[in-house]
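Listed next: structures, encoded as structure tokens.
Two complexes follow with chain A in common, the first pairing it with chain B and the second with chain C.
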Partner chain A sequence: MDTQWPRYEVFKQDRPGEPHESIGTVHAVDAEMALQNGRDLFARRPKCHSLWVARADAITSKTAEQLAAKELATDNSWQADIDPQAPTETYLVFQKQTERRGMTFTTHVGEVEASSPVHALQQAIAIFPAEQVFVWWVCPASAVTRSEEADTLPMFAPAQDKLYRLPNQYRTVFTMQKIKRGKDVIE
Partner chain B sequence: MNAHHQSALAQKLLFLADDELILAHRNSEWTGHGPILEEDIAFTNIALDEMGHAATWHRLRQELTGEEVDTAVFFRDPAAYRNVQLVELPNSDWAFSMLRQYLFDVYELVHLAQLAASSYRPLAEAAAKIRIEEIYHLRHTAAWVTRLGLGTAESNQRMQAALDTHWPYAHQLFVEMPEDAVLAEMGTAVSPTSLLDEWQQITTAHLTQANLIIPTNHTPPTTDRADHTDHLTSLLAEMQSVARQYPTAVW
Partner chain C sequence: MYGQETDPDYPTKLAEFEARIARGEKIEPGDWMPERYRKQLVRMISQHAHSEVVGMLPEGAWITRAPNLRRKQVLLAKVQDEAGHGQYLYHAAETLGATREEMLQALLTGQAKYSSIFNYPTVTWSDMGAIGWLVDGAAIMNQTMLAQCSYGPYSRAMVRICAEEGFHKKQGQEMIIQYAQGTPEQKAMAQDSINRFWWPTLMMFGPHDSASTNSDELTRWGIKTKSNDQLRQEFVNELVPLLHALGLEVPDPDLRYDEESGNWISGEINWNEFWQVVKGNGPMNAARLQARQEAHDNGRWVREALAAYAERDV
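So, the complex of A and B:
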């Protein structure tokens, strides 16, 4: 039996007005726990204004290679998924536009109205063209839980003052260099 | 501030610091043993926050007494510690630690809201700042109380057992020490006794909603912060061992 808790993707916004970016995943039994775990894992250091979490299985992910192999507009198996009569809902669209940044994966670029994930992908590709997209994610807005404006102070503000949490505050590197030089570090 | 008032305030800061420090140390013992990795990090983070709060209270005390924080923490014997017994009880299961932290978080929030109105400005400012962090701690522990209280029969039983143990001990937090009476009169800090009603209302509502039964025993095993269990001695022996072995070490 798989006893692993469900996986949630965590999206972090550094400052108001900037896009939310996927920063990693957490295990959690519900969205509230995912939000809290997201905070504790990814927002303990400065620069966080807002967090979103979404169950990983609510996200449809397609790589550029997968999209190239299936022409969204013409592939019958994908067309079959789209019912023009079906009610639509809002989907969030994310793109991975660069391979250079190690800390983030995809970036939120906007919303589309769609009746299914495949429909949302088609809409997204039409509405949010970009020079290069390595990966597309779409996720129903209803599956996303967001921290609230009132959460910013208790959840994220305390970290701003805690500079000792930053990597450059740890003196282990310096201490190890001293040890390697044969210096006694206990003074 | 006259000498009598100042010494009462220094002692009150020691109550605050010792409660936070000893609880932080107990919680830090979970590091590497949490139920899942994410929670291991989250609870360690809370322990670290509480340790930071202890340092804040100690620094305020140092301004009054001149005693260095590290000296007060690492070179003070158990008999001179002034924490309540609630925080020194050794960990058992996850429910035990989570419920203890929840009861303490509610106490802290209620207490800090009052301390933020202190006429002693450094105390008021520190309380206002710490309170912001405690809002998040309570959100975290309150969610776990609900989750385990309403979880399985076993998780409910474990929470109930933890509550039965902690409830009387928690009431020591609200016992007025002689220093509290001095400070209340001067408007420096409210008497902890005045916080009891609000604490009971908040905890009773939340625990009841989590399908837990409020114990009838409200009598703490001791009313004197100078009284400790033997558990504090072993806790401090470990916590102070490195500093005492290498008293001049820096890191």
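So, the complex of A and C:
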């Protein structure tokens, strides 16, 4: 038996007050396991204060290219999806804001109240304008599971002490310079 | 969103796609891309992921035999990182429609390729140093290039991996430096490791540019921005002076310094050996595959238990 478990997007917050950023996915049977796997995969080094996970299929993603194509479409599906009477819920909004090389994808920018993913996307575009957004994500808040404040220490503190995982703990460049100058180096 | 050449709009869309890449934009999941681009990326990324996973084996074998607690902690952390890198990469391939299950199946049935370097045995402790410094050092050169590639998820995985590989390379270099300065036995052990890993490391960069079939397309679509031979030359230029400074020899009688270009020119690589190992006839191909299959089988009860837990009534 080999089942392909659902994918969860993982969002990481480096320090309190900073936004959560999407960093990749894990497979897990449920959200609790996704948080654990997220910790093992993305918090092996110092600098993690909180993790969120959400089923990948709960997230609606649109790239700038997809949005532009939608505007040009002759059909009305972009508008037709929204029922003003429908009950609303809270959606989290994420943006990819830069093409600069980095290890994170979308960044959490805030919340909107909406009745559907398309409605949430429209609200997000109206409420969180930015000079350039390359990718938009919206996700119902109810689909997000968050590590708790009380978990911060047991989940993330062990990585703090593992300084040997950091390249700056190895003085290879300095040592090679000394050797080249003709000095014996016994560490 | 995956463009087929039979689509009448294909040429227009392809031109827009190539213009985006030329402007330095990243292609993200959901964007239009040629089916060929998707296929090439799935091939490269999954091979890369498999390499990380199989790459745990040669070093994992030495964890219990590390000479002291610090070296053991470091090696354990490094092997754990390789497992993580495999996961980052499988994730990147999944954004292109590949499933983790089919990729793992391809690995376990021996259909998928992975880096040939891991089909060489690790016979002494200082092989851990040689792998860190040479093999991870060579991987970083390739990965630093791929961190600039046009596909967003692959690029981000590479940035993260490069940051972590810096530790892998340096812990290996630290070891070789120490053993080169140590007792005659230690120095001989380090030299022996370099002797065995030097040529297979040069082969890691792949065939000569003149014999590399995929390069043109990969370059045009911003996946590869440097050629195999370019990267190999950068590696040789970096390593040779450092090894010499440590009093270690490079096992290449034809190696020479070219004043004009400032390059260290290697002798000819044994391509027959390279292709033999790629085809499955390397010293450890069968053992690596068997170890992966056993690990997969031995983990079956864990997967079953987790699936049963997920099915429970709550």
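By our rule, the second predicted complex is superposed on the first by the 159 of 187 C-alpha atoms of A that agree within 3 Å, B and C clash if a C-alpha of one lies under 4 Å from a C-alpha of the other, contacts with A are read in each partner's own complex, and residues count from 1 in each chain.
By our rule, contacts are C-beta pairs under 8 Å (C-beta built on N, C-alpha and C of every residue); 3 or more make two chains touch, one makes a residue touch a chain.
Computed from a predicted model, the values in this text were never measured in an experiment.
Participant: Looking at A:F105, would you say it contacts chain B, chain C, both, or neither? Reply first, second, both or neither.
Facilitator: The answer is second: A:F105 touches chain C but not chain B.
Participant: Check whether A:M33 is in contact with chain B, with chain C, with both or with neither, and answer first, second, both or neither.
Facilitator: In the superposed model, A:M33 contacts both chain B and chain C.
Participant: In the overlay, work out which of chain B or chain C sits against more residues of chain A.
Facilitator: Touching more residues of chain A than the other partner does is C.
Participant: Figure out whether A:K178 sits in contact with chain B (first) or chain C (second), or with both, or with neither.
Facilitator: Touch status of A:K178: no partner.
Participant: Once the structures are superposed on A, label A:K47 by its partner contacts, choosing first (chain B), second (chain C), both or neither.
Facilitator: A:K47 sits against neither chain B nor chain C.
Participant: Scan A:T63 for contacts with chain B and chain C and give back first, second, both or neither.
Facilitator: So A:T63 only meets chain C here.
Participant: On the A-aligned overlay, A:G24 touches which partner chain: chain B = first, chain C = second, or both, or neither?
Facilitator: A:G24 sits against chain C, while chain B stays out of touch.
Participant: For chain A, which residues lie in the overlap of the chain B contacts and the chain C contacts?
Facilitator: Chain A residues touching both partners: 5, 26-27, 29, 33, 40-41, 44, 162, 175, 186-187.
Participant: Name, in rising order, each residue of chain B that touches chain A in their complex.
Facilitator: 36-39, 41-42, 45, 49, 52, 132-133, 135-136, 139-140, 143, 147, 246, 248-251
Participant: Can you tell me which positions in chain A touch chain C when the two form their complex?
Facilitator: 1-5, 7, 23-27, 29-30, 33, 40-41, 44-45, 61-63, 65-66, 96, 99, 101-105, 134-135, 162, 164-167, 169-170, 172, 175-176, 179-180, 184-187
Participant: Which positions of chain A touch chain B when the two form their complex?
Facilitator: 5, 26-29, 32-33, 36-37, 39-41, 44, 153-155, 157-158, 162, 171, 175, 186-187
Participant: Would you mind writing out the residues of chain C in touch with chain A in their complex?
Facilitator: Listed in rising order, the residues are 24-26, 28-32, 70, 73-74, 77, 80-81, 84, 87-88, 91, 94, 99-101, 147-148, 152-153, 155-157, 159-160, 163-164, 166-167, 169-171, 173-174, 177-178, 181, 242, 245-246, 300, 303-304, 306-307, 309-310.
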